[in-house]
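Structure record follows, encoded as structure tokens.
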Amino acid sequence: MSTFTVTRATLAKDLRMEWRSKDAINSMLFFALLVVVIFSFAFNPTAEESRLIAGGLIWVAFLFAAVVALNQTWARELRNQVLDAYRVSPAPPNALFLAKAVGNFIFVAALEALMAPLFVVFYELRSVGPVWQLIVIALLGTWALVVNGTFFAALSLRTRSREIMLPLILFPISIPALLAMVDATTSILTGDASPDFWIKLLAVYDIVFTAVCLLLFETVLNAE
Amino acid sequence: MTAPAPSSPPVIVLEKLVKFFGRFAALRGISADFAPGRLYVIIGDNGAGKSTLLRIVAGLVEPSQGSFTLLGAKHPRQVAHRIGYMGHAPLLYDELSGMENLRYFAGLYGIRDDEISRQAMRMVGLDPNLSRRVGQYSQGMRQRLSLARAVLHNPELMLLDEPFSNVDARSAHDMTLVLGRVRDQGKTILLVTHQAALMEGIADEFVHMEAGQIVTRGPEAHRTAAAEFGTGTTR
Amino acid sequence: MKKLVPFSILATLAMLGLTSYLALAVAPTEATMGDVQRIFYYHVPSAWVAFLCFLVNFVASAIYLWKRSPASDALAAASAEVGVVFCSVVLLTGPIWARPVWGIWWTWDARLTTTLVLWLIYVSYLVLRRFAAGGQTQALAAAFAIFGFIDVPIVYMSIRWFRTQHPSPVIGGGPGSGLAPAMAHVFLANLAAFTLMGILFMWLRYKLQMKEQAIESAHAQAALKGVAQ
């Protein structure tokens, strides 16, 4: 049972279960849609203005939707206490973490791919800067949210008021990543500045926190 | 087929195990040996510490004080592949079928061969071709599958927590036969249950726990326990 | 040893009294901002002490994860609380300073914003400690503390860059503005006094935490010996 095989098997199992129940996808989609609609009531900007605020709006919508997914993927392991079966087995803890993180990444990325066109339509967005950079930002930023999110969701399993704890402990730590995502998206959309520094910052954030998560996950998994 | 000679080293050695949950002492100094190839049934009232003891031996909970060795190792995680655990809850995924569940858990132990999972299902009296999701199983079927999951990787030591809870008489009886056969193959079994009567004739020894300590143990310990508290062991 | 606590308290009070006098009466009045500027002698040292506390929290948490000693967890809890208090002082004195001088309460400038994020991170640490279930508080909080502290330089870098992209007024003057020598002495004196105060608070809070742990332990031991039936 190498880490890779277990990660792949766990990821496959999670995707299969999600496909059958569609719990996480449905709640995420519905939530994100709600947010987009409400935002477009609240902010009804001209095309020029919308380019300035779209960066922030998009990422706030994705952030809240991501939190919904993060809670769901661990909730699945608590039903029937099935997490115990994993802990008792010789399978490496980090394989479980990676499988959950990658699964979350897939869900949130899928959500982003679905929502982005909606935003473009509602806010009449057109990018002045290169679009491929937007994709890089989206990938790096999503991993930044998801890697810490998966870790803290596991952590909050062992707390009271689980659903409140996750955003509470995740958001402050994610502020630099959020700032990077929002400002980079805005700079690309308006073409006013180069997002290079933000891309580097996100890359550093991703590497550093992925390492910390992998180092500390076993402690959190076995904290009982 | 026969149990190993009594001079074999004990499978589990517990040394003054203590476990606190806040101010509540669930285990108050348990010291005991368990010999290989025997089926031990742990009985006692709710809150006696039976489940806690099992979870510590399985490696799910760390003791507050004391130590233990298990299959020659200092910590259960070192010998995880030789331990099978059946929890109070089913430890199964409701959204997957029986075989899908077993296939996944087998993978955690490095087992790739589907035939092993199929055999485990057959051994507990379930049909491997059943595509029904576990969420739609009856309680008896669920407990059987949970047992299958625990024996899948042919562990030397089995830890079972209330395997017969809410299970129909037929399934329970079948499970006891399976357990007897497993023990006869030389495996050690620690089983927690409220239904001591079910295990009469199959168990090698009963261990009576009360308020976090072992009060008595022996092949007839369940009778003294029943007599003390006036609860007849009914069939 | 028993005399040490009251003595330290008195010594710290005395020093604070002296440095406050220096700050409020002796230090020269600032040219452009006037007397309001004297808040600077409280604002900056508080920030420094808060950071020191969070550093202690990081080290204590790392030690806890390594050794699982109750003392390191107690120190982690104590330093986080004291750090949040000093952080709050920074966040309160900032606007008090900004309002009369620049006419605005808040300005999202790099240092103040970093302090706000720091405050958020460590408040969420304290909330986590409160909401964690039973025996796991220490391990979970320690793990979170590692994340929090490692985030600090990243937070600072990100906000600094954001501010160079989108400049706005900086409280307390830009990085280039220096201190007149007379002010510098008073500043250092206050810095020393605040550091002493911070260490004293951490120490007292640590002792309190250790006492609480001892009480819990005693209860547990009593339960252990308690008769079952």
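Labels A, B and C are assigned to the chains in the order they are written; within every chain, residues are numbered from 1.
Note that contacts are C-beta pairs under 8 Å (C-beta built on N, C-alpha and C of every residue); 3 or more make two chains touch, one makes a residue touch a chain.
On a predicted model such as this, the values are computed, not experimentally measured, just so you know.
> Which chain has its C-alpha centre farthest away from the C-alpha centre of chain C?
That would be chain B.
> Which one chain sits nearest the middle, judging by mean Cα positions?
Answer for the innermost chain: A.
> Select, from A-B and B-C, the pair of chains that is joined by more C-beta pairs in contact.
Most C-beta pairs in contact, of the two: A-B.
> Let me have the rounded angstrom distance from the C-alpha centre of chain A over to the C-alpha centre of chain C, please.
31
> Just give me the whole-number Å value for how far the CA centre of chain A lies from that of chain B.
39
> Just give me the whole-number Å value for how far the CA centre of chain B lies from that of chain C.
51
> Show the residues in chain A shared as contacts by 2 or more other chains, in ascending order.
Answer for chain A, listing residues that touch two or more other chains: 224.
> With touch defined as at the start, can you tell me which chain A residues reach chain B in the complex?
Interface residues on chain A, with respect to chain B: 1, 5-6, 9-10, 13, 16-17, 20-21, 76, 79-82, 84-91, 222, 224.
> Can you list the residues on chain B that touch chain C in the complex?
Chain B reaches chain C through residues 18, 20-25, 28-29, 64, 210-213.
> Can you list the residues on chain C that touch chain B in the complex?
134-135, 216, 219-220, 223-224, 226, 228-229
> So in the complex, which bits of chain B are touching chain A?
58-62, 76-77, 80-81, 83, 85, 87-96, 100, 104-105, 107-110, 133, 149
> Would you mind writing out the residues of chain C in touch with chain A in their complex?
Residue positions touching the partner: 65, 117, 120-121, 123-125, 127-128, 131-133, 136, 139-140, 143-144, 146-148, 150-151, 154-155, 157-159, 161-162, 165.
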